[in-house]
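Order of writing sets the labels: A, B, C, D, E and F. Residues in every chain begin at 1.
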């Protein structure tokens, strides 16, 4: 699917200030927050950059030192930021309480009126941005943020299709975000026609497209029927035993066959946020470098490993992911 | 059993400065201690306050900034402190080394001559304090601390019985604490006649009352025979696999039937101190709001959730406990 | 095997500055390192000192405040340091990234040209040092560091044999360390003739001696044949499920019988570095105080408990190890 | 001026989440923020509560755990919160970078659409709230936040005047906050007629009232002429040498005489935020308990001491302030 | 005065657990305490050990892990602990709030019934302990702790005089400690006859001996008259500008002449506790190695440098003290 | 002097891992180190990048995660790293103990055999690297590290001169570093002929060139005589009162006139490392954007502000420096 050794990937979306409570404390106990800057799409860019690929993230930050810090954080992880702009609006924030044992994790979003939500993307020259690009990645969060964000995204998708750039989308259905007068289905179903690789589960796809199905296999065929542009669909199945113990497995349909990974035991979870984004990054890398079976294994292990790393983003090299997938170095001490 | 939507609960007991070693270090490695203020009875008050009930704690602190800090901590968690007094004596302290894996946790008590132990309770107007109160809660720790503490408690229990206030007691047998010339059995067996709801296991009850039995069911019937004032008995069964893994189940006898919960797996324990106090708070809430089966499930989940929270006290709302008990949100990410 | 109530043990080897990343962060995320001073042989000395034995460590540090801090750390844990010297060269360093879940732990060594590697041991009066000593312990790391270190060690071993001091050796095979022109086999096979108690597995022994075998039982007999000086061989079997979950079992051959422990589940691992050194210390203590079966149980539990303690060294008293081995206090709360 | 031993004081205003960068780092270096909850008026309430007075704060928080945490923080410091409400809207936030040496401190406000700004105060029963109250305190920040906030405040001021409650106001001129279509002057000049004790400097008063003057003495007389309701005016003069070194002096006009304090050297400043609020609290206490000269000394020392305490609020007892003012314990070690 | 290159010094006294609030927070803000183990006499031993001298501290700790940790801390800093015993009683504790600016520092003592206070010293073989010793150092704190402590000390002092060991005493007058039925004067005046080198100021000496004087010079002569055993008297003059700024100067009378140091400016004080103990250690070292003028300069600089180091003890080498005293390296960057 | 709005600057030199002890602790107290990556020349690049200029740093790191982290740190601060290489060798380290008060700061270097020291620079295409560049900056540290480093530098300098790139040099005399068989003078005096802007003081210049002078004015003229290539010389005068208090002034000779700044008081120093590098960055910026008098003021304030920021590098925008220099915002609170 990919064409070169070093993929060129464009991602677009809001990057927020994440404030998390350390040491499994509750919000009401917190006297400090840990600081990260993260977003579902930027997490994909960061992960791909650690895998040695060229990732460029498109976003807009407020014109203050928090915006600067967020930009620097992307830069630090090797993401290209020549399409990062600074404009009016505030920094979107999310507060994270990490659960433990039977106690759920909890997020308080505070992202209204962020610089990204208010941004009209006038500085973007899509023609130039997408020139020579292999993948353009978006998630269902971006068009949920504001009409403007949905409009910017659509322009990009159209240009990507024109240029033959592969479009990947993670449905990431967030009903509550949509508050600008359109329904999620209305918005998402108008964007899926631009997509080649779709990540989503039964309920997400139903919410976005009205397609109903009982199994992943069934939904794949129905999606293909309705959206012939779709070339592959992938998803993870997560079984939640507790905040500390999950199980994760991946599935991939490449338009012809179905591929399934083993189920990975996730115990002693360090930070579960961003697992889906790591999977997405692993999928983009995997589809471009491996056969489908290996691709979905790689993507799923990428998702698994994310749970071991503080922050939203997967900070692993390709060989570190391969070591786990092949079982060579799982939990060993590397001297 | 309860009478109103918002229960009024009185608790009495010492609140200590808890100094715990962070990051699973041993005492001999510690170069900092984490600071909490806690006590078995105050923990019940704090937990009930988080559940939206009106809890008032009776205690006495030293007249210094540590006493002030301890009082403020109770206040912070919504406990009423109009029956908190400041007097001569020191702040009781306990040092906690959190175990891990097969290594046991360890506590060093340093509570002799505390302000509470020296206190004669002369400021307490029991008639006024217990007016309109639903529950009066005590544990076997308080009468173990000093003759004065036992005397204060007895006065309160007599008044509670006079007024028809439900008395709950957690036997919490601490043989080593009793050092003022009376045996634990002598003291405890003289206080149990005032109790309606008793929490304790076979050995605790035997130590307090000389009643011997082989099963929870048997002990309940024998206690009832000897103490007809007892209306309900509850207990938890804890299976200790390691410091990090326990199993917990609850049982309740409501004077007629026996009720049993499922066994909860506690892995990745964050802080096991106060699990019994959380169970007690959950039991008081549960008995007042639910049928017996639901009550003991609620109480047990309260005990379970405590293990996920740093410090001695359960800081959870009623709905957070219900989510786990009904299995709706166990370990999920709540956005 | 042992002769007195308080063993006298000599260990020799490099002590490094260990810099580890806290909170399961990756190296590339670290903005602070935790500081420990440790080394495979010194860890044995520290552990034995906690068990109440007299342990003296022989090493050489750089003449600066890091060397001083390292010496003080040994002193703090009760190790005698009258054979600690300060000389030219740098402080050896190792950087540790603690893994989690499926993600492996990782060490970056930076120990070239350390004061210990450059040291010629001219200050050592082996005759005096080994007078009245019960055990002289070394590992395969020391002769790998430099020709000088190998020469110093050999002198000590010869004197130990002359004096009838029991020599214990942990093969601890580190192929990459040897870089001074001799092969590991060449060096190690010339030192094993001085050993009475050997710790090592099939591959380690093969690498050191060319002896090939398929089972621990087989290798023991073959080693004895080739090295009649060997009186006992022990090893642990570690099954690595993940960085957070291991399983550990011990085996001992005392020259006549084979002894096996149960397999211990290690979940919620705090710090796995130094597990082998704790086993070694437990073995020395165990062989001197118990029957063989108890000795290997004690040693294995020592190894188990190390995983629950931050830093390289086992900081446990004898009774704490016995509690776990006998199952009396596994994970209980000791008040 | 005051009437009782224990003053009853009402304050009203927004309480924000304060996120400050520790250890003199810059925003762009921060990987953690320290958490406080604070606001100009609530700081006065907290300080007065530490001085043993009864302070009630009126505000509105978002219905989430951050709102809860903020409420609990007020409670912890002894402020009465029966007039704290929870409603729609977000938590106002401010980010603080503590300067050092010649480098200025810097604040990023992020308080738009906070629960307080959106609140219409419909739950407030001013008649009941102000019954028996000695002081009602407000600052120029509150009417700047929103039209609703200005309206709520005005209702309170009218009732306060009706009841003869002393009204104190700190002009605290914040031009940039006003963004709802009215000028600061328009708003503030309509509220000053309700005030008895005014705190403000030349430029603040000019901005609020158009009164121009060259000296504090002159402005006092002119204000009195235009606003005969004013009974006292106070201010501090701050000389800023650097972020670490300031000088502070206080002045008071009690309607008849002018009173001046000595100039205090503030070196080694720990946290300068809230110095004016501490002064205000000290002034309310001082005017009620001392002669004017002592009152202004007490208020100024309260402002001074705030600079030595992390967080926005002065956490000092009356005797601690008196010790400094009388020079008895400045910087001594109290055993 | 001294006789050898490496002095042998004996100190005796209680070592407490010091719990201090970090980051200039107040006690009522603290959620962690920093852990040190310290005591006025042990601080002298630690400081002398850093200066390369042989220091042995005599004390008694409780038989628990806190006692062990305290012993290990002494060991870590090179103090000999063969006269450290473990017995019944608790660990003495002191809580420290570090002041800042005009805000005073504050200590809460909690040392009653400590193992040291209850100890009868029966294990001490004074004849052996003082053999070959150069200095025996005590302070006025020890005889204030308990009758037993005073008795132990007296036995030691008698033996020291018998053996010609130089006795140094720091009056360190603590009126509030004495609570066993004797007055401070009664106790102290009976111990001063054993002293050769006395450290104390006018009020301390008056409180201990009834000797009244207006100047240091006058008091020296009067003391000599009354206690002809005294060979030297020294003191520091501390001017307290604020918690962050002090000034310190030293004076020495060697029985013949008076010697004065310059006044040192102490700004940016890190930790002022133990300044006097550092001075004492410097004085012992100085009197043994330098002429009187140099000795008092050295001692005073030792006191000065202590203020720059966290914890109670001066951790400096002789050359580091000399660098400051000679002005060569004051505040320079040493590469 | 400069030509464009956005300067293009090339710097070359080693970047080390800096490990500093927090909270004014001593090395021997440290149980954690703070992590920074820094070097004299890279610090200039980082500072210029914060000022909005394009800075490219040339260096070589070891092929491990520490090298990666160091590279990422440069990237994070906006430095271009397309001339950063990864090769054999270790990470250079320096350990920093921050002094306080009269106690000096202290550095332990551990940089032998670093990847940079071993690097032969074969990957550098100087012609391409220096194309269109405004400034090429080096310090006397680089040629001191190894013969290879000196050779690499010389090639760069020759090409810079060929291309008319302005060469800036900070003598930064480090006698102890030179250990490859050549004298500092031999090496440095052969490199100064390539320089246009020289930073150094009397002793540094004498050590590098044998030019002796008594004043800055005199040395400037003599240097010009001997090295007519020199167009400007600058220096700072630092008066060290203590580790916490310094005074700093700057001087500049532009080939014609001498310019002097006022003397800045540096009290409450946060981190003094890198002050000279910040001055150098400010000088490059200043000479390109201002008249000489303003240029030296700007450079000196840049040096001043560095002392307020943790880490080696000045992280300030141009306007933040200008605010201090013009006195507008010194120590104010910017809302």
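Convention: a residue touches a chain if its C-beta (ideal position, glycine included) is under 8 Å from a C-beta of that chain, and two chains touch if they have at least 3 such contacts.
Every value quoted in this text rests on a predicted model; they were computed, and no experiment measured them.
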Greatest separation from chain C - chain, by CA centre: D
Chain pair among B-D, B-E or A-C whose interface repeats that of C-F, sharing over half of the contact pairs by residue number: B-E
Maximum centroid distance from chain A, chain identifier (CA atoms): E
Of B-E and E-F, whichever chain pair has more C-beta contact pairs: E-F
Chain C-chain E separation of Cα centroids, rounded to whole Å: 41
Whole-Å separation of chain centres (CA-atom averages), chain B against chain F: 62
Between chain D and chain E, centroid-to-centroid distance (C-alpha), Å: 45
For chain A, residues that touch 2 or more chains besides their own: 22, 26, 28, 31, 72, 106, 267-268
Touching pairs - complete list by chain label: A-B, A-C, A-D, A-F, B-C, B-D, B-E, C-E, C-F, D-E, D-F, E-F
Chain B - residues contacting chain C, complex: 23-26, 28-29, 99-107, 109, 174, 176, 240-246, 267-268, 272-273
Of all residues in chain A, those that touch chain F in their complex: 72-73, 75-78
Interface residues, chain F side, partner chain D - complex: 22, 264-270, 301, 304-305, 307-311, 315-316, 320, 323-324, 329-335
Contact footprint of chain E on chain B as seen in their complex: 19, 22, 26-28, 30-35, 64-66, 68-69, 72, 90-91, 93, 95, 97, 106, 108, 110, 112-113
